[in-house]
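In the two assemblies presented below, chain A is common to both, partnered first by chain B and then by chain C.
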Partner chain A sequence: MIAVLPARSDVVGGDTVRALVAAEIRRALRSPLLWAGLAGSLAIVWWFDSDGAFTDPGAYGEHYAAWEFPVGPLAFVAFLVANGAALRDRPPPAADLLASTPARGWERTVGLLAGALVPTLMGLAVFGVQDTAVLAHGTAVLGDGPWVSTFEPALLELLGGPLAVACSWVAGIAVARLVRSRTVGAVLGFLGWALFSFDFYTFLYAPFGLFALSRSAVVAADLGSDPSPAQLAAHQAVGRPGDLVPGYLGLDRDLPSYALHLVFVVGVASLLAALALARSGRDRRTRPVGAVGLALVLLGLGGQVLTLDTDLGWLDPL
Partner chain B sequence: MSPAVPWPVLLLASRRALAWRALAGTGVAALGLAALATVLPPAGAAQLPGLALLVLGCGLGATADDPTAALTAATPVTARRRLAARAVLALPVSAVTVGGVALLAAAGGVPPTAELVRSWVVLAVLALGAGAAGSRYGLPGALSATVLLGVVLVLQTTLPEAVRQAWPWDSTVERVVLGLLLAAVLLAGATRDPAARSLRSGAPGRRRARPRAAACRSAGRRSAASARRG
Partner chain C sequence: MTHPVVLTGLGKRYRGTTALHDVTLDLPAGVTGLLGPNGAGKTTLLRIVATALSPSSGEVRVGGHDPADPSGRLAIRRRLGYLPQESTVFGGFTAFAFVDYVAVLKEMTDRAARHAEVRRVLDEVGLGDRAHQRIRALSGGMRRRVGLAQALLGRPELLVLDEPTVGLDPEQRLRFREVLAGLSPDTCVLLSTHLTEDVAALCPRVVVMDRGSVRFQGPTAGLAALAEGRVWDADAADPGATVSWRTPEGRARNVGSPPPGADLVPAGPEHGYLLLTSAASSAERVS
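The block that comes next holds the complex of A and B.
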């Protein structure tokens, strides 16, 4: 309905946009579903901590390599809450009433996008707790058997989860602006969340893994079933056969490629925001958002391809 | 109950109320996910049939949506019977899709087992229950089913081994029974007669409570005083 609302030629005042932003943030803060997602994410941090998931040696998918896993519930509900908020004006009478307010659809979408602040800060809180829990044990552990390395989580790694949550929120709004159905939004949200975020481990092979919105700084390389001692020594840690691939996995923390992954996530969020804004009405400020998003996506993807210290052949582990 | 409306007629009438597009969309998505099993290595492919079942379940939740509910609440056919009719129409479609998922997974080196069928049964009934519960409170059935199935996925993936092996659910049979029980409770609660509910709990249509005697007396005194004043 927003697409058919009358567009206003004059620019809506900054006060109106600020009021909308404040209102959407307040609404997000009052969402019980969002708080339930935060509780779920914190519960996973607690379970992982009590299981020694990050601080004991183990399989590839069960420790430091799954660093962003706990943010899954929060990312999921962030999509659903944002989708529901963006579809608030779905029934025709609501759209008609909103047409007489000072803000156009574009400004209302800006307000909704700003609501991402709430789940993003929640994601930061989850990772703050997780970081504190890991550091309380000393360090995070990567690898299995005799091939183990320890790491202190870098500051950069605290950003991945919150950014994934923010991207999920923005995706919820973009989907609502494309398909004005809560049913379609819920199903698409579940699919996207499972494929690109929560079940990213399933798709952590080239080239699928490059498009994951949630992953860790650990990069894997297939060492085959009978690696030489030199091959084993060339990596910071090694995973036993059976994780991701039948052979051994060489594991390394690769912070530069992780930083580029984060650039990619920010780019995707910007592109989705531009899509949502473009579907909410004409405004020349939409284009820079989309251009920046596209540039960041290309930079993130291209940079990862160039800097990843692993083979990027078809279905090689990442 | 509505003995006057035989099942074939009810099924025919329910055909138009069913969310066919949601069913078809999730069916295609589930088949697409299962087809990925033919591409991914075994460690990744093994996860895909389960994920496909969850996506199918999200679509089944939409079966609980009844766009005619506001009107048909006053008809002799109960909400429970109408939901059953829609489920009877939707479940065979979902079952055929599960067959496709199994075939594609087998082609990808993940042979289907009885576990797949068992999971589908439990997830389908849970999705119907969650969808019906959501519909009753004005939420799309697919949305509430998606939330429940998302919780199932998160719990299944992240619960510590010690919790997974706790006595109430440490065997497959117990988990299936618990899942079916939860679905039964959801379905029973969500398909209660809305009119019966409103009589008891105070929704529109309840009987007006009698005013307290003291309130009646004070109101009477006030009106008498105002009458004396003229």
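The block that comes next holds the complex of A and C.
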């Protein structure tokens, strides 16, 4: 396919795109579903805080690994709201009406993508509240019994949740541009949310941790059921065998790896945005968005593999 | 002088079905009614003029611009107001928010001026006091008027209206006629309808379509003239009539070839329309 950059006289001006962006942001701000998602996420923050999930040493030590868990409800509704907004033109008369206006589908999609700003800021608020709640108790706790470390949440850790929400919003638009069905969109959104929320433990480890759209800065290494003292001492903290994990876990807060995870998430969001734009009409400006996305995905993945301070034994089968 | 809308040899096929066949039309400024039964190709024709659909063959020129060319298409869309057939969409928007959204798509970027224009068109269709109600909470007629309001944004030079009076009560239809009467005489309006009384009241020109082809184009009076001397009343339906129906007075009104000495009555556009479309039906049945 040859992408075409429309001549200046063929497309609406930047001021129209900016007006569309503003209109979509205002519309997102008025979405009751998004505010309900925000309330759901804040409720989890409150639950974790009142339960001492991040701050009480002992049985809850590994919960630090679930730092981004509260993002679930907000990310889910962000997907649904974006999907519904992108399917505004689904019935043929609506599609005809919108198609007969000067702004093309491409510009409309740019406006929709910019609407991500609203849930992203909501996500930032959620993690700001969580951060404040943890700091009010002093520090966050990682590990069990004699193998406990304490941390002040890093500024970087405020960003993971909001970026996951932004990615979810963009995914909602991309799915709408691929499958023009609200039902399919809702089912896919639910499955994605359930996967990352209820199965978050899977994404604690490599290799799945590398591909997670939402994970904490904690990386874990399986130490087996009878680790040596040297193995136990090699990690910032250790989790005891529990219901979910049969062996000991070596736990480390690895901020460089986490930063690269965030690069990966931005890359995925950019790739999804490029996909949504490509499905909205031909425009050469789509290509750089996709190229940047691909570069960030590769950088994020490759960088995590190189910087992960953990056992790379999972690579052996490869 | 070039007419605002010129269609030459227009054809449209959908998966083996011919929706339009060799349609050639010159539409001048003013209101042109587009009459035809269901499946006549009216909506397909309007969608093509509104640049929402590409023809399979033939040429379209709107204001001298070719919609197949991107810059021509943009130029047409900048001068166009379009009301599609159904208005049951965008239910989650308020009337104001929906019209405002379309105004943004129509490049009205100055917020204050845009809002003033949105209020103007909503007032014009009599919905100023319902501006902040959700569209899904409005009646069918009100939704139709919201659709009409967005089509009127920016005082377009070309207004394409697909069955705008469906769902409107008599008072609203009168209001609609006032709105059209208030448009600039330079505005080209193409209005599709099933209702011949709308055409008689609004349209100096009329196009009759049936089965994808144009059966008649010309002054509305010319459509009535087609049936002059071919409409008569009788005590019973005449077997020689193409169409017959019972009048409120209890007599049978017949349209077709009258017998000698028939009680002729004045013909209107609806009689000409019935003659054209029922003749086509008869011809098809015979063949």
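In this section, the second predicted complex is superposed on the first by the 286 of 318 C-alpha atoms of A that agree within 3 Å, B and C clash if a C-alpha of one lies under 4 Å from a C-alpha of the other, contacts with A are read in each partner's own complex, and residues count from 1 in each chain.
Please note the rule applied: a residue touches a chain if its C-beta (ideal position, glycine included) is under 8 Å from a C-beta of that chain, and two chains touch if they have at least 3 such contacts.
Computed from a prediction, not measured in an experiment: that's the story for all the values here.
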item: First, second, both or neither for A:A78, with chain B first and chain C second; value: neither
item: First, second, both or neither for A:L163, with chain B first and chain C second; value: neither
item: Touched partner set for A:A194, first chain B, second chain C, both or neither; value: first
item: Partner contacting more residues of chain A (chain B vs chain C); value: B
item: Chain B versus chain C as contact partner of A:A269, first or second or both or neither; value: neither
item: Which of chain B and chain C A:L223 touches, first, second, both or neither; value: neither
item: Touched partner set for A:D51, first chain B, second chain C, both or neither; value: first
item: Footprint overlap on chain A, where chain B in one structure and chain C in the other make contact; value: none
item: Complex contacts: residues of chain A adjacent to chain C; value: 6-7, 9-13, 15-16, 18-20, 23, 27, 88, 91-103, 108
item: Interfacial residue positions of chain C with respect to chain A in the complex; value: 47, 50-53, 70-71, 73-74, 77-78, 80, 82-90, 97, 100-102, 104-109, 111, 147, 150, 160
item: Residue numbers on chain B that touch chain A, as the complex places them; value: 19, 22, 25-26, 29, 39-44, 47-48, 51, 54-55, 58-59, 62, 65, 139-143, 145-147, 149-151, 153-154, 157-161, 163
item: List of chain A residues in touch with chain B within their complex; value: 33, 40, 44, 47-48, 50-51, 69-70, 72-73, 76-77, 80, 84, 181-187, 189-191, 193-194, 198-199, 201-205, 208, 242-246, 315
